[in-house]
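These are the structures, in structure tokens.
In the two complexes below, chain A is the common chain; its partner is chain B in one and chain C in the other.
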Partner chain A sequence: METVKSIGIDAGSTTLKIVGVNEEGKILFTIVEDADPKVEEQTESILNKLKENYDIESSKIVATGYGSNLIKADKKITEITCHAKGIYEHFKSGGTAVDIGGQDNKVILISKGGKVIDFIMNDKCASGTGRFLENTAWRLKIPTEKMAELALNSDGEVKISSTCAVFAESEVISHLSRGEKLEHVIKGLHRAMVKRITSMIYAIGFNPPLMLSGGVAKNKAVVKMLEEELGEKPLIPENPQIMGAFGAALLGLSK
Partner chain B sequence: MLHIKIPTRREVIEKAKAEGKKIAAVYPIHYPRELFRAFNIQPIEVWGPPKTDTKKANAHLQSYICSVVQSGLAFYLEGGINVADIIVVPHSCDSLQGLGSIYKDFIKPKQELITIYLPREKNRENVEFLSKELKRIYKQLAEFTHFEPDREKLLEEIKKEEEIDVLVAKFYKSRENLPLSSREFYTILRAREYLPVELFKNILNYALLHSSSGKLKKTGIVISGLLPEPMEILDVIDEMDGFVALDDMACCMRRVYGEGSADDPFERMAERIVNSTPDPTKGSSVDERADFLKSLIDISGAKGVVFYNVKFCEPEYFYHPLLKDKLNESGIKSIVIETDINEPISQQTITRIKAFIEMLKEESRWA
Partner chain C sequence: MGLKENIKYLFSYKLIGESLIKLNTKKSYKNFKPPKNWRTDILAPPLKTGVFTKEIITRHYLEGRYVNGVKPVAWVTSGAPIEILKALGFYILYPENHGALCGARKVALEISEEAEKRGYSIDICSYARTDIGSTLSKKTPVGRLPKPDLLLCCTNICQTVLYWYRVLAEYYKVPLIVIDTPFVYDEAREHDIEYVKKQLEASIEVSERVAGKSLSFSKLKEVVRLSKMAAELWLEIMNANKNKPAPISVFDQFIHMAPIVEKRGDSETVDFYSKMLDEINDRIKNGIGAVKNERKRVLWDNLPIWYKLKFLSEFLAENGVSVVASTYTNAWGELAPMMDIERPIESMARTYIYPILNRGTGHKLKTMETMVKEFELDGAILHSDRSCKPYSVGQMDQRIKLLNELGVAALLLEADHSDPRAFADEQVISRLKAFVEMMD
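For the complex of A and B:
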């Protein structure tokens, strides 16, 4: 049975991510689940199941994310520090880390040595977050994962002027009722979201490379448009959702 | 932790009324407390108050007016200022100037309304201008109270305020040696907004008695803005093993005035206000403000600056990008946090403050 030295738990607004690492920081397991409202019980249940395959008795537990206050952990560290650590260790590079999560975005400037130089987060608003796309997908009865495909294959684009998730939804409906093609509207919606993220990146000062994390980094249309807007091909980890939990686990190794 | 009983605004008002004093409800920011005290008037400042239901004020004000002014008007409309005999509105910003006009032209309150026109730059002409303005207010107060304090009485009250300013500066200087949380420290400091001068002096002296040689081994922060509301920010800073080492806040440090030099009481009061620390509502230059913030960092050993800005406070907003750049050039980290004094602090805000302190600690570890 392998010994897990540190476990990072990222209790986000939409998903719960758990990563276990050994003494060298090598990932032993990753778990991603939809976040339960009772995240503390959900976490406990996952940890109990892990005991069947891993020795986690002496594991350091580091929690991050909005639900971290509810989780029993040895340390609680903010998402900014955890994402920066995870992304830096994954790419072994400083630059601009952009985490696009379910309900918030973070842009973090990381130094060559891996320090957080500066950061910016969206305010009490879902503009530019995963929820921005999810809302409309739900309203149009389109699976979220299909949204990127529609946008990528669109031969046109409608301008969505609102960056507010609620107003954008109304704007989408009004465009469709005027006869605009669905894929043009969906592409416009992606563009509005990307423009919001880009403005956050420029607000803090873009320093390449651009490194993405968070669930929305899996959306190929968002990735392509970010490249178009910034003129820089983003680096994306194989599993962008776990970067915060990975960083938390790594921070559990440091004294 | 010190156990200091600080009377509430209500208790102070009731006692002052029982003693036959008049009450002045004073809106932010600068005004000469000593002038009102000389007329046996107790100034009670109205910084909102926080967590006010602003629905009645919303009907009269644009939605982009800051929550301090929104609450200030709502508080009046709800009867919160009924107890006051005088309402004082310094023209600190466009919104407060607008509030002054609303009172004068539309509300026409039963209370005596006093507006104060405040000059901007530090220069001789502005001292003369404000001196004349204070003489105008003196006359208005004399007519209202049927009392004319003489030069000696005015100077006596000015000296009292000057002494308090020295004591407040000492209180700030002793910050690291005081067994007080950031919230306790600022609760004491902000009691000046409504306490009689002697009582405030006693509280400060009592707190200073508990100053020790041991310093707080925490990460110091300089906080800049109008006021530390919601006060939960102070708890979050302390929770992260940080503390507010010094501030550049309108309700606190920006109103710790220096001693005046003139023998004429009006000129002396004017000098004190005109020559106060750099202030966005007084049009101080970006360089002046940046240098002042840097000096606060140098004096206190603080590691970064939190701009705790009330949403829609335009005078503050204009400076942020420029100040952030200037501080960055000197290797000083800063963050802008937007607040509304009527709303609880959001989880996003808590995360930002915590992440900022984590960043500062990491910076110190590498240094």
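For the complex of A and C:
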């Protein structure tokens, strides 16, 4: 049975991510599940199941994310520090880390030595976050995963002027009722979201490379448009969703 | 002035109210102990002289209940040149201060909804909404506000006041004095100061008419002298925080600044701050810091978030962060040297044209940069106040400059000074935590 030295738990607004690492910081397992409102019970049952295959008796537990207060952990560290750590260790590079999550966007400037120089998060408004696309996907009864595909294959684009996720929904409906093509509208929706993120990146001062994390980094249309807007190809980890939990696990290793 | 009102004023306020309040203060001062829920594990006990802050403000609002018909009443903006009114014996009410009080007592929302119900937009300053809501509904946590006989509105803090005071003037059907202070980009031009001076001179006649008496210049000089003394003491109290650990946190300053705002020009205000300074000097001598484990020192920019003072103060203190300087509390001290007792009107014109909100954003940046150096700060919290646009404009650039040029951590925190709908605990805590981690 392999010994897990440290476990990072990222209890986000939408998903729960758990990563275990060994002494060298190598990932032993990753778990991603939709977040349950009772995240403490959810975490406990996951950890209990893990005991069947791993030795987690002496593991350090570091929690991050909005739900972290509910989780029993040795340490609680903010998403900013955890994402920066995860991204930095993954790419071994400083630069601009952008995490597009379910309700939060974070832009983090990381120094060459891996220190957080500065960060901003979206305030008071979830436009430009995953919820922005999810809302409309749900309203149009399209699976979220299909949204990117429709946008990528679209030969046109409709301008969505509302930055509010709630108002964008009605704007989408009115475009469709005027006979605009579905894929054009969806591409426009992606563009509105990407522009919002781009303006956050510029507000903090863009310093390449651009490194993406968070569930939305799996959306290929968002990635392509970010490249168009910034003129820089984003670096994306194989599993962008777990970067915060990975960083948390690594922070559990440090004394 | 009516006989009935005078008797009621003498009996209810002077004879009973004031005596009871003073007795209570004496008792609290003698048997001083921190409130039950005070976090003595992370914070120094509250200042003992703070019992006088409470007394001064309680007496002020109690007097307000009975003052109509006894003294002329003026409602004024927070940066208004009140010395003339004070010399004429006006009772002065600051609706913004009342708004702050409503915020701290967590009733601002309920009262501003009274204005919103009547069509005032949620995008208007929450102080204005609270005041208009209170005017229209008569709701207030202080019992009753006196009706104004005169309104004094000075544009040196924002333009909203211009429209807000016109609403009040129409509602109460009383004269409105507007003192228009041209914006200062770099240095005020002589003709700008002359322009303000002429308005001040012109305001004397209206104020005299409402007060029913003539202005005594020797009295005016005395008020300017007391104003200046109190402001100088306040400045000295704030500068005491250059010591490590800082003896008085900015959260304490937010509370104890009430007399310098509301009771400027009174001799008891001078006595009060003089006593407070003694207590602070004692703290310095004994190495007592407002935050017990002061690890990091930061500044606060913009208005306080009145309904979250305790929450923020305790969270930061838990993390060893002491807020030691603020551009806001500084605003009531920094101009003291400009007051000249020998030339009261002209020096008032100069003093009241120079508040931080009437100057370019570069000036505020310089103020913050000086604070970072002089108070040896590790970071800056810039409260982006939804209600106060003139204070918040420029903060994005100021934040970046503080970070890049001085290398201190800087956080922009979106909220509102008295509308709690603009504040989300979880979001704020996650940003503040990351800010603290960044300083470590």
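One rule holds in what follows: the second predicted complex is superposed on the first by the 255 of 255 C-alpha atoms of A that agree within 3 Å, B and C clash if a C-alpha of one lies under 4 Å from a C-alpha of the other, contacts with A are read in each partner's own complex, and residues count from 1 in each chain.
Here, a contact is a pair of C-beta atoms (placed from the backbone, for glycine too) under 8 Å apart; a residue touches a chain by one contact, two chains touch by 3 or more.
Treat the numbers as computed from the prediction; the structure is a model and nothing was measured.
Asker: Sticking to the clash and touch definitions up top, decide whether chain B and chain C on chain A clash or fit.
Answerer: clash
Asker: With both complexes superposed on chain A, which partner does A:66 reach: first (chain B), second (chain C), both or neither?
Answerer: Both partners, chain B and chain C.
Asker: First (chain B), second (chain C), both or neither: which does A:78 touch?
Answerer: Touch status of A:78: both partners.
Asker: Please work out whether A:113 is in contact with chain B alone, chain C alone, both, or neither, and reply first, second, both or neither.
Answerer: first
Asker: If we overlay the two complexes on their shared chain A, which of chain B and chain C does A:166 touch? Say first, second, both or neither.
Answerer: So A:166 meets neither chain B nor chain C here.
Asker: Considering only touches as defined above, state whether A:121 meets chain B (first), chain C (second), both or neither.
Answerer: Both partners, chain B and chain C.
Asker: Of the residues on chain A, which ones does chain B touch that chain C also touches?
Answerer: In chain A, positions 66, 77-81, 116, 118-119, 121, 123-124 sit in both the chain B and chain C interfaces.
Asker: Give every residue of chain B touching chain A within the complex, in rising order.
Answerer: 333, 338, 346-348, 351-352, 354-355, 358-359, 362-363, 366
Asker: Help me check something: in the complex, which residues belonging to chain A touch chain C?
Answerer: 66, 77-81, 116-121, 123-124, 203-205
Asker: Using the touch definition from the top, list the residues of chain A that touch chain B in their complex.
Answerer: Of all residues in chain A, those touching chain B are 66, 77-81, 104, 113, 115-116, 118-119, 121-124.
Asker: Which residues of chain C touch chain A in the complex?
Answerer: Chain C residues touching chain A: 384, 396, 400, 403, 409-410, 412, 414, 422, 424, 426-427, 430-431, 433-434, 437-438.
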